[in-house]
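Alright, structures below, take your time with them.
Paired with subunit B in one complex and with subunit C in the other, subunit A is shared by the two complexes that follow.
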Partner chain A sequence: MGKNILGISAFYHDSAAAIISNGEIIAAAQEERFSRKKHDPRFPINAINYCLQEAFIEPGELDAIVFYDNPLRSFDRIIKNFIMTGENGLAQFEKAIPSILGVKLWIQDYVKNSIGTLGKIDKLLYSEHHLSHAASAFYPSPFDNAAIITIDGVGEWSTSTIGIGNGNKIEMLKEINYPHSLGLLYSAITYYCGFKVNSGEYKLMGLAPYGKPEYFDLILDNLIDVKDDGSYMLNTEYFGYLDSLKMTNDKFNSLFGGNPRDPESRITYREMNIAASIQKVLEYVMLKMAKYVRKDTGMENLVLAGGVALNCVSNGLILKEKIFDNIWIQPAAGDAGGALGSALAINYLYFSQERKLNPTGRDSQKGSYLGPAFSNNEIQAFLDRNDYPYERIENGDTRFTKIAEALSEGKIVGYFGGRMEFGPRALGARSIIGDPRNIETQSKMNLKIKYRESFRPFAPSALAEDVSKYFEMDVESPYMLLVAPVKEERRLPFDLGNFLDNDDDMIRIVNKARSDIPAITHVDYSARVQTVNILDKPDYHNIIKKFKEITGYGVIVNTSFNVRGEPIVCTPLDAYKCFMRSDIDILVLEEYILHKTNQPNYKDKENWKEEYELD
Partner chain B sequence: MAQIFEYHPVFGYRFIPGVKARVLHEDGGYLVKANNVGFRCNRDFNTKNGTDKFRILVFGDSFTAGDGVSNSFRFTDLLEKYNDNLEVYNFGLPGSGTDQQYLIFKEYAANTSYDLIIINVLVENIRRIVSHYRNFIDGEGNMKIFMKPYFAIDNGGLILKNVPPDKEPIDISKLDSEERRKIDFGGRFPQLRNFLIKNNYESIFHKLTRWKPYPEYDKENNDSWQLMKSILKDWVSFNNKKIVIVPFPHYYYTEGLSDPVNYLKRFSELGKESNCDIWNPLPYFNELSLQERRKFRFEKDVHPTKYGHEVFSNYLRDKINSFMNNIKLN
Partner chain C sequence: MNSINKKNSSKKLYLLFDEIQKISKNRELNYFDLKPIKERTSYYSDKKVSEISPESFEMESSFTLDNFGSLLEKHWKNDGSDELLKLIPMISDIAKEFYNVEKQNTDVSPFIYVMF
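== the complex of A and B ==
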């Protein structure tokens, strides 16, 4: 008998829930999308509610409910850390107690109280943090067997693990333990460069192409000792997270010659060079580790998860070096994906269910379109109830052509279609899209929609069948987890050369055309590519295809459907609000098209911008 | 919370056709699924004769639609579950009055073939039929007031008003004080009630005051009752042999907090006048202990629990069986 399993990840960062039935991923979603609080760490009551809705089952029909990590082991780490570092650890200990003792030990009660049951076995199961990551990487992958690398900040005691997946089994081979953590090193430098830990890592990666890796040796000589097999030790004397609430300490600061950058101050050459250096260190470790794992396991396939697996630059490099024949990366690589992984782990390792690969040879992640969808009936009910003017175009061909025409005229479109994405990236279900050829697309999207200037360009969505026409890439990247260079012949001469080390100048530079698709080309000619396959997302594929028929380009700009600091939109109401709060020209809600110029004045809260903490 | 209702030009609003949702609730949550025409029913309505099953159409408000429990745990679904020969269509609409339910009948059911119609009149509905507006909490938690269809009595006949109702919410400040009193905020003293429920004082309060929750039933010539009677008489006149009325008791009556004698008297008079059956489940409920009866409703929410639905469906099953036997005998 197939099993219904609910997986929950909560209380640390970006809570989520996932449900599987008979091995099939039925639904998965992050709590932030429902609560509208970015990276909401609270118990994911709304995400669980949604999962049960999608599966349309009663909680009593669940065979098991599983929590993504072992709270007792995390607690153990906190205690040992306290003992190791003595009194200075007290501040951190006290801060951790309410979240570990007060909350994590009461998880079972939380679950029982909030959904009324613990399922058929009447007890809450616990997975282990890195097993959850490993399971999220291996089981949905298209591989019958693969090497597994998980790597993140910290989960329980492990910070990196290596394992093997075979059929329905996962075997963990090696682990690197806290406080030695590549993820925390990256986060420490994220913090030092003035970005937010747990969300600014992506910015640091985007900053790297501006700098030179001048601190590469300094980092390797002082902060991290990397062995030939890719294992490593951190020199903990430099880090603050062991004995204080800060990521770095004075010793760290003097190594880089100064205090951390104030988040609101300008970005200087120093941060650019540090960003370039840590990126190079990360790649250095990842490549060593990947090579070692290939040799040690003999596996041809590699699967990756854990927050560090979101670093698409290093992923792209592993691919380019052809260390493995095939790579698959879990798109919800962070802890949210642990909800999915823990449910899969219980299905195969606890209930010993048979694992069936997707017969098409593709993965089983369903394009990561695992969140709620809204029917045309529901959208019309919403629009009619609020009396918002719209045009309904039932014919797909006509509708997609209309959207593509608008894009080609330089219009910015908020596109809402099908099931919402699971994981941090918008993949064409909740996306703001534009024309990549248009030099103004980038600054318009930045200034009038996201309300921030950025030194990072946007990401492209390209027809999977056409991707190698634009990028030096011959594999699919459906989850925007790989970076690839823009084709040589599309590049325009451009020299990063000398520029003033301030934000304005970086923005001037990033706004300069470097290719015939400027809005998505980074200063090093790289792009974070999403390939769109008609099998995964026919509606979105069709829009790009129509755009190609009009313009000759099978690629568009894709950024997440939200304003700065806001979680990606989930419902038609969220989408409408974001549409009215920004300069998006056209909103598409399934078959309904809304033009900004027709909309009545939107009565909004005056302080709506304060709703969202800046990222 | 996701929107699950949409505008309807005749009876005000309905479930969004085809909508699937799980509504968070004090007991966890419950699954809602609406059919092709926007009723919380697992089956699409078949208006033709088609089947050889005994077809029952049920009308009512949230107690019938099943607020608080999943579709499959409602009395209508339980009736089907335990008797393969029954086909039960649930036309319940949360928050509606008997007037809107009558409009639903005329719109969707008058031309449907049926063997029995059950009008489940929650006694509180007498208050809903006199209201002209009702409140609605939107997706952002704001209260909006919408027009509600209703009937007025004119020269002894019923006149339909507020149809089609405006799509947009109304501006209360533009209503005169008379009309303002016609807004249904739910219950008689909604704020007081919420306070009492929240603090578990309600039963004490009722005992101390010997509360009469619905004085509208006290006198035969009460305007509200006259209106209720006219609506039901009109409705029953479609087929008084196949339409039965169930005056469904609020918990004040099932838990012995108020005396039901007056509302029962009114409904029995109505039964005689219109020559239709009145099915009163109260004696059946009272066979259970007070402790058991308390379990009919949730801790805070007054809607029937799974158990409440189960007991009611047991009651109806016996009534329906004898109804079917009577048909065979005739």
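== the complex of A and C ==
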């Protein structure tokens, strides 16, 4: 008999719920999408309710409920950490103890209070944090067997683990433990460069191509010792996370010759060079680790998860070096994905269910389109009730052509179609899309839609069958987790060094065309590629195909459907609000098309620009 | 929690901190290394148990305010951290005072995804 299992992650960063039934991933979603509070860490009651509803499962029908982490072991680490840090740890102690003893330990009570049951087995199960990551990487992958690497900040005691997946089994072989953490090192430097820990890491990665890795040796000589097998230890004297509320300390500051950058101040060469250096260190460790794991396990396939696996530049390098024959990365690689991983771990390792691979040879993540969808009826009711003018185009071909035409004319389109994505990236279900050939697309999307200036270009969505025409890449990257260079013949001459000598205004630099698809080409000619396969997302694939028929280009710009600091939109109402708050020209809600010029004046009740803060 | 209770709880919190300081001073402790040990050839450690049994998911399952202390005791006895056992009554006491599980996340309305 197949099992119904609910997985939950909460209380650290980006809480989420996932439900699997008979081995199939039915639904998964992050709480932030419902609560509209970015990276919402609270108990994910809305996400749980959604998952149950999507699966048509009553709480009492759940065979088991699992939490993605073992809070008792995290508590053990916290107490031992305070013993190690002595009197210096007081400020952190005052903050951490009430929150863990008051709230974070009592998941079982939260579950009982919110859904009234602990499932048929009548006890809440706990999966080890890195086992949850490992399971999220291996079980949905298209591989019968694979080596597994998980790397993040910290989960209970572990910061990196190596394992093997085989059939329905996972074995965890090796680990590196707190306080030695590649994730925390990267986060510490994220903090030092003036970005937010836990979400600004992506910005640091985007900043790296501007800089020179001048601090590479300094970091390796002082902060981290890396062995040939990719294992590492940090010198904790330089870090604040053990005994303060900051990631770095005075000793760190003097090593880098100054205080952390004030988040409001201008980014200088120094931050660019530090970003380039830590990125190089991360890649240095990851490549060594991957080579060791290949040799040690003998596996041809690699699967990855944990927050560090969201570093698509390092992933792209592991791919390029061909250390493994195949790589699969869990798109919800951060802790939200732990909800899914823990449910899968229970299905296979607790209930010993048989694992069936997707017979098509593709993965079982369903394109990560695992969130809510809205029917045309629901959308029409919403539009009619509010008197929002629309045109309905039921014929897909006509509708997709119309969208593609608008894009080719330089219009920006808010596209809302099908089930919402699970994981941090928008993949064409809740995306803002535009024309990549147009040099103005980037600045328009940045300034008039996202309300920010960004030194990072946007990401491309390319037809899977055409990807190698635009990028030096011959594999699929359905989850935007791999970086690849733009094809040589598409590049325009551009000397970053020259630019930086005369001008450190990164916005001017990023707005300078570097290829015939400038809106998605980074200063080092790289792009964070999403390949779109017709099997995963036919509607989105069709839009790009029509765009290609009109322009000759099978690639468009894709950015998440939100304004700055806001979670990605979930409902038609969220989408409409975002449409009206920004300069998006056209909103597509399934079969309904809305033009900005036709809409009634929109009076915002919420002071949203203050509501959402920057990463 | 009223203000008098709050004061008492924070007093208990500092007593726990003091007790932790005593352990911190009195023992040759090494729960983890603070710096790289360059002579080592590898920094990986083997997982104690590589194979994952169904029981491993249940080991500390179902802990509540009532049995948390005894589970923690079991855990610390198992891993040889006996020096920490004397903290448990204080920890349990603080947990009882700080316990703050709400019936609902009140500032977030449930079922928003079917909001209209």
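Methods note: the second predicted complex is superposed on the first by the 607 of 615 C-alpha atoms of A that agree within 3 Å, B and C clash if a C-alpha of one lies under 4 Å from a C-alpha of the other, contacts with A are read in each partner's own complex, and residues count from 1 in each chain.
One rule holds for everything that comes next: a residue touches a chain if its C-beta (ideal position, glycine included) is under 8 Å from a C-beta of that chain, and two chains touch if they have at least 3 such contacts.
All values derive from a computational prediction rather than experimental measurement.
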**Item:** Which of subunit B and subunit C A:P59 touches, first, second, both or neither
**Value:** first
**Request:** Could you tell me if A:F382 is touching subunit B, subunit C, both of them or neither one (first, second, both, neither)?
**Result:** both
**Prompt:** If you stack the two complexes on chain A, which partner ends up touching A:F138: first (subunit B), second (subunit C), both, or neither?
**Reply:** neither
**Prompt:** Of the partners subunit B and subunit C, which touch A:Y186 in the superposed model: first, second, both, neither?
**Reply:** neither
**Request:** Could you say whether A:I115 touches subunit B, subunit C, both of them, or neither, answering first, second, both or neither?
**Result:** first
**Message:** Looking at A:L125, would you say it contacts subunit B, subunit C, both, or neither? Reply first, second, both or neither.
**Reply:** second
**Prompt:** Of subunit B and subunit C, which one touches more of subunit A's residues?
**Reply:** C
**Request:** Go through the superposed model and pick first if A:F43 touches only subunit B, second if only subunit C, both, or neither.
**Result:** second
**Contacts on subunit A seen with subunit B and repeated with subunit C across the two complexes** = 45-46, 49-50, 114, 372, 378, 381-382, 385, 571, 573
**Request:** Enumerate the contact residues on subunit A facing subunit B in the complex.
**Result:** 45-46, 49-50, 52-53, 56, 58-59, 114-117, 372, 375, 377-378, 380-382, 384-385, 387, 571, 573
**Asked** For the complex, which residues does subunit C have touching subunit A?
**Response** 9, 13, 16-17, 20-21, 23-25, 29, 31-38, 40-47, 50-52, 54, 56-65, 68, 71-72, 75-76, 79, 81, 84, 87, 91, 94-95, 98-105, 108, 110-113, 115-116
**Asked** Which of the residues in subunit B end up touching subunit A in this complex?
**Response** 2-3, 5-7, 16-22, 24, 27-29, 31, 33, 70, 138-140, 167-168
**Request:** Could you please specify the touching residues of subunit A with respect to subunit C in the complex?
**Result:** 33-37, 40, 42-43, 45-46, 49-50, 66, 70, 72-73, 75-76, 79-84, 86-87, 90, 93-94, 97-98, 101-103, 105-106, 108-110, 113-114, 118, 123-128, 131, 161-162, 169-180, 224-225, 227, 229, 231-237, 345-346, 349-352, 372, 378, 381-382, 385, 570-573
